[in-house]
Amino acid sequence: MIGLEFLNIAPQRFAEQAPALVVVGPLIAACAAVLAPGRRWAWFLCVGASAFAFWMAVVLASEVARQGVISYAMGGFPAPLGIEFRVDALSAMFALLISGMAVLTAVFSGESLETEIMSSKHPLMQGGFLTCLAGLLGLVLTGDAFNAFVFLEISSIGVYAMIAMGGARDRRAYPAAFNYLIMGTIGATFYLIGVGFLYAATGTLNMADIAARIPTLTSDRSIEVGLAFILIGLALKAAVFPLHQWLPAAYSHAPSMIVVFLSATATKASVYLIIRYLSTVFAFDWQVETAFMAFVLAPLSVAGILICSMQAAVDPEIRRILAYSSVAQVGYMTLAIATATSAGVSAALFHLFNHGVMKAALFMAIGGAAIHLKSQRLSDFAGAAKSAPWTMTAFGIAALSLLGAPLTAGFLSKLRLIQSLVAADWGWAAAVIGLSSLIGVFYVGRIFEVVFFRSEPEGGSAVREAPVSILLPLWLLAIANIWFGIDATIPLGLAESAAGAVMGATTLSPAGAP
Amino acid sequence: MTQGEILILLALGAPTLSAVLAYVFHRAPDVRDTVIVVCAIVLAFVGWGLFSQTSAGVPPELMVGEPAPGFAIAFRLEPLGALFAAMASGLWALTSLYAIGYMRGAQEQNQTRFYACLSIAMVAVMGVAMAANLFTLFVFYEVLSLSTYPLVAHKGDEASRKAGRIYVGILLGASVTLLLPGLAAIAYFAGSTDFVDGGLLAGTVSPTVASILILLVVFGAAKGAMFPLHGWLPSAMVAPTPVSAMLHAVAVVKTGVFTILKATTYIFGSEVMASAPATDWLVWLASGVIVWASLVAITKPEIKARLAWSTIAQLAYIIGGALIAVERAVTGAALHMLTHGFGKITLFMCAGAIYVATGLTRIEDMRGLGRRMPVVFIAFLVGTLSIMGMPPTGGLWSKFMLIGSAFDAGAPQLAWAMVASSVLAVFYLGPVLLIAMFPAEGAGPPAPFKRAGGAPGLAVAPLAVTAIGAIALFFLAGPAAERLQALWGSL
Amino acid sequence: MEWTAPLLADPSLLFGAALLVMLAAILCAIVVSRKLLTSVALTGLFTLVAALWYIAMDAPDVAFTEAVVGGGVSTLILLGSILLTRESAEPVSPSRMVFPAIAVILAGVAILYAVGSIPGFGDPASPANASVGRDYLERTYKEVGIPNVVSAVLASYRGFDTLGETTVVFAAAVGVMLLLGFGERALGDPARRHEALNPDLVEEIDHHVVLRVATKIMIPLMFLFGLYVLFHGEVGAGGGFQAGVILAIALIVHALVFGLSETMRAFPAAAMRAGASAGVLIYAGVGVINMLNGGAFLDYDFLFPPPLEQALSGPDGHAGQHYGIIAIEIGVTATVASGITAIFYGFAGRAPDIASRGASRGPESGGGS
Amino acid sequence: MIDALATGYVYAIIVAMMMASLFVLLTTGNLIRKMIGLSLFQTTAGLFYIALSKVGGGTAPIIIDAESAVGQARAARLDPAYVEHFGVDGVVYGNPLPHVLILTAIVVGVATLSVGLAIAVRVREAYGDTELDAVRRADAAASEPEPPGPRGRPNA
């Protein structure tokens, strides 16, 4: 199903422990990285642990494809007494995305940190990164509502500090990180309160158990409010408009490594949790939820798509342009989810995957090319294609994908989005996506023009070709952008089966290139 | 693997290879240019092979894959596409030669990027020509927009960047906001986007829905330069002349009208077209555009701008023919694509040769040049005749068929507009010849050559060939039209 | 069987009501005060009263934690950061209050709407109290074999959460070390070493020989108490986390009295960094051992290979659970004690810079090339 | 109604406190005060959970022998039927689960607090102030002239 089964070569006993290992591996490596004697060791640990997590995620995904939902009881206590890791196709897809991105980011981090952070702190950065990775992976695998809260915090608390580390180049990172911390913690606390209500009403914390008990309740007032609090909290974390204000600043001033990783994964993990709650814990056909999605989520998504696209079109700083575009893209996803159809969820997941691949490449290229450039103003990238052709070509490919140019991953996901919206009779929403793509033409065009057609400033551009250890993951991503635009078997297969896992049978037949 | 599949792969592969090799050999310009020409010549033969296979009744087919359910990347030649493929590949071979002469003569920067993008544009054109469904066509259509953007913005100065912005803004903007939703809607109504003889949507949609879809396609394919989305074409004339010649006389604009033609023929079909009220509005619009663009052309002092406006008018002919969508009209439209292609590329190449030799772009400065550059101006004369639709050029037949079918279809306004435009062509192209051949008394000597020896041979030879081609079409139009009839014979 | 608030049967309810009103009053005072020092003091008070309320709610473990954390560590860090920042907050213009006020009121109304459908306060038959919560009470002794159910749930049933919690402390320590360094500047510059904390404070203390002597006696006692709390956690209130905080506070007291540099010589920052990650490693390591022995992650029944487990535990069983819980509690203690100390070093090590530079910008040392 | 008031007042007060601390957090522009508000907000969420865990007439969830003196004394105040129904082996206990959750949440709270304050300290070092308004003004002033060179901190 996922095309990566050949990596599933773990012995059976090992494979059985994969749900725990995928989280514990990075966690142990995080501690070891902090103790590492030098930055090289820390980097090796980081790459190794991420690769291990990716391998385990592949094992998990192929096991899920083979035998369906996997339940793993932490501590040997069955749910709801103990904490359960519940891995279905949706979780497996996210685990793959997150750990895959982590591998690339880890490779990228070596040279990138070199220029941004003083070397005595590299082990701490790598440790923090691995902790965040463990947190995100735990978040998408756990089947326990409270455990998800813990992982939400694990994945963010080091990140707040790491974003602030961008302050060495640009002091605006400090207030940005502070704001993110405040917003993120409010989000997490809202989530905690929401879980409290679910617990008060059902007496259990296991998501599947909550879902099973909800229909037996006489009053669902606390369920409604619990849902509202959980969704607001997660929307804050996922930067859903209008709760996105923290994101552009945080992304534009943080160290490149963090941005690359976060842009591809962090908000996505919260989107995962939103889908998980909407589909598994609550039921999509629950009237309150349908109303919520049609009258709250959809309008907000539309507003987010249009307003943030426009902000991206006028902003002078390159990373903030991309950050605003990220918020708009999250809007695409929530808009498709709001249709409450299997095709919509599948399209949203497909786009989520592709967006991760393209945004990581974009931020990676900027981080790599601007390694000696302290500013991030778009105008400083004038003529960058001349001084850094390899880096900027990869950047160009990813930018085309962001634009939705054919033969790139972004095109197919946009097409799927429009298709699912038309199929749900939401023609107006398809028009919104068209309109926002038009704005996308402007902001991507702006970047393109500066990078490829503006002549270099006098005295030469400060942009330099990125080192090989950055070019390698960067080009992998760029090629993935093209590959998935021509043969989307892997992401589409993942998205279809993930949507199928949470929505029942899919309405669109699974694709497969001959 | 069948012969057809091999041909299709070659048609896409040759220009791709050319783009890759351009970068590989970017340090050795001679090798690079040779490779490009070889690839172009191979492609020309492949194009001819595609055409003869199709007309021999064994249309090449190739299924590549289905990236998304209902949306397959697949190729299948039919007469319209085969004609377009043959024309584009043939003209590309000439343009490559011409481009090498021009770019060297004018000492342009970034030549490697230029050739690479030109080659990718050719991949896209071949993809469009061979597409078996609207989705594949759309994919390559977008590739064409994106790959030609660097060509338009080639110089990198403020004016060309601005032109590039307008170019990509209008083309991509229209296609993502109109054509893409149109595509999704067609897929939604019909379950696929395949090109089907007689029309994919025949009998499935109401006239109102059909009208909306027709509007989405006609305006979404902004490469056809239909008013009010024509603004990109004149502004894109800042590009180097080979680009204008190839892309804005042949590849890009023809891709636009080809898209419309394919959609009206194979997606909507003549019955749907006839029943939809939007057709009538668009025919009126096309008639207006034909006259108006011809009038505007007269006011332009720059030769390339004049040609650009003339192109807008000529494209409206083809769109008009496509809208009528009956046998004769479509045949005429397809034929007009061919004859206009030859005529207009000749004219553009002449303009480029003059520029390389003298650095002049304004018509009034070209006095007396005719005697010093006789080949160029004889070719210019042929091109002019072709645009006017006069013998001995192929333009006569295509115009004839278009005007006739417009009368038959009850759209006399369109027919009269075409007639008027032919007359106006005398006024906007004639002066060039007059000034160059018969300069006014006492107007001073002709401008000196900026480049020793005038236009390089590589820049002159191709335009002579295309001029001969334009004349040859006078005799070949009949057979070509017969081949196109096969299209209707299969109904 | 109905539960109808037998106030007299449970005096803690009355006691609790009084404490709640006190909490509300303190919070009101915090809302209106602008002096940061006052706010911090009131916040400390708030958490202490909250701890009392937790006792009234039969949650001694939570009360213990809240007291040591809220009353101890949080207040200390807040005070430290006020020292490093400014003393009073700017007033908020009323126009800025409109939107938050609306949001807050909406959220409050929503919660109250939901609260209406929650079973009454103290209802033993409520879903929260009757389902999983009750299962733990019934099963703990049989399955884990320790009397403190909270400890059993914390360390065993939901031990994975606790691993996460330990990781959070570890991550916070890493974050603070990244941002504020390891207090190295307190050591680096001998001239300023003595001013590591508020110079006035150091001077004051120098006159208090009694205090120094008393502290010297106190600190071993605090260590001892910390260890007691750690190992007593299975039986009564307490556990690894509280123990770790107490140990950290002992070190902090040492630093307050003898100066930061003294403490950092005795307990170097590098050791704290190692301790913080060693704790998580111990915890996760126990889990890995369980997996190696064929159990699930953190299934302490598999701490020892099955034959050894049989031999060790005798008829009652649970040797693995006992030792496992102690092992992970030690891990928690290590991480928390070292982590909080490292955090304290970070803040305290920053003080000389601020003190000597006043409002000017501090030098860049936390990051950058 | 009276019943609801008699038992619901706890939640009402907790919710009011929760919202008051959220209000502090949202309105103030001072970083330290924001952290205080955040810390209080988290504490009040803890109060809510613990309120859920209260069992009338219960005792701390540490297993005691019902036959012991403490156990006897506990049971004596309650209706035997009540103890029979809701007790475990003759003793009524509070619900341990929320206790565990809040223990975790408290730790998370102090971790967040320390990281947040550490960032606040850095803000103060970089900008010389801990008021967000002042920070905003400084950023606006810095971006106004658009210096062409690196835009890091002046003394970086």
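Think of it as A, B, C and D in the order they're written, each chain with its own count starting at 1.
One rule holds for everything that comes next: contacts are C-beta pairs under 8 Å (C-beta built on N, C-alpha and C of every residue); 3 or more make two chains touch, one makes a residue touch a chain.
These numbers were taken from a predicted model, which means no experiment stands behind them.
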Pick out whichever of the two, A-C or A-B, is joined by more C-beta pairs in contact.
A-C
What whole-Å value do you get for the distance between chain B and chain C if each is reduced to the mean of its CA atoms?
74
Where chain B and chain D are represented by their mean Cα positions, the distance between them in whole Å:
69
Go ahead and note the Å separation of the Cα centroids belonging to chain A and chain B.
43
Any idea how many Å lie between the Cα centroids of chain A and chain C?
31
If I count partner chains per residue in chain B, which residues reach a count of at least 2?
none
Got the chain C residues that touch at least 2 other chains?
111, 115-116, 118, 126, 128-129, 132-133, 136, 158, 161, 164-165, 168, 171-172, 175-176, 179, 364, 366, 368
Which positions in chain D touch two or more other chains at once?
18, 22, 31, 52, 97-98, 101, 104, 108, 111-112, 115, 118-120, 122, 126-127, 152-153, 156
Work through the pairs of chains, note which ones touch, and then classify the graph as line, ring, star, complete or other.
other
Full set of chain pairs in contact is A-B, A-C, A-D, C-D
Over in the complex, which chain A residues touch chain C? Could you list them?
17, 20-21, 24, 27-28, 30-32, 34-35, 72-77, 80-83, 115-118, 121, 124-125, 127-128, 131-132, 134-135, 138, 146-147, 150-151, 153-154, 157-158, 160-162, 164-165, 167-169, 193, 197, 199-205, 213, 219-222, 224-226, 228-229
In the complex, chain A residues that touch chain D
146, 149-150, 153, 157, 160-161, 164, 167-172, 174-175, 177-178, 181-182, 185-186, 188-189, 192-193, 196, 199-200, 205, 374-375, 377
Could you pull out which chain C residues touch chain D in their complex?
1, 3-6, 9-10, 13, 16-17, 20-21, 23-24, 27-28, 30-31, 36, 39-40, 43, 46-47, 50, 53-54, 57-62, 65-66, 69-70, 73-74, 77-78, 80-82, 84-86, 89-90, 92, 96-97, 100-101, 103-105, 107-108, 111-112, 115-116, 118, 120-126, 128-129, 132-134, 136-138, 140-141, 147-150, 153-154, 158, 161-162, 164-165, 168-169, 171-172, 175-176, 179-180, 235-237, 241, 336, 343, 346-347, 350, 353-354, 359-364, 366, 368
Any idea which chain B residues touch chain A in the complex?
63-71, 73, 138-143, 146, 149-150, 153, 156, 160-161, 164-165, 168-169, 172-173, 176-178, 180-181, 184-185, 187-188
Within their complex, chain D touches chain C through residues 3-4, 6-24, 26-33, 35-36, 39-40, 43, 46-47, 50-64, 77-79, 81-82, 85-86, 88, 92-104, 106-115, 117-122, 124-131, 133, 152-156
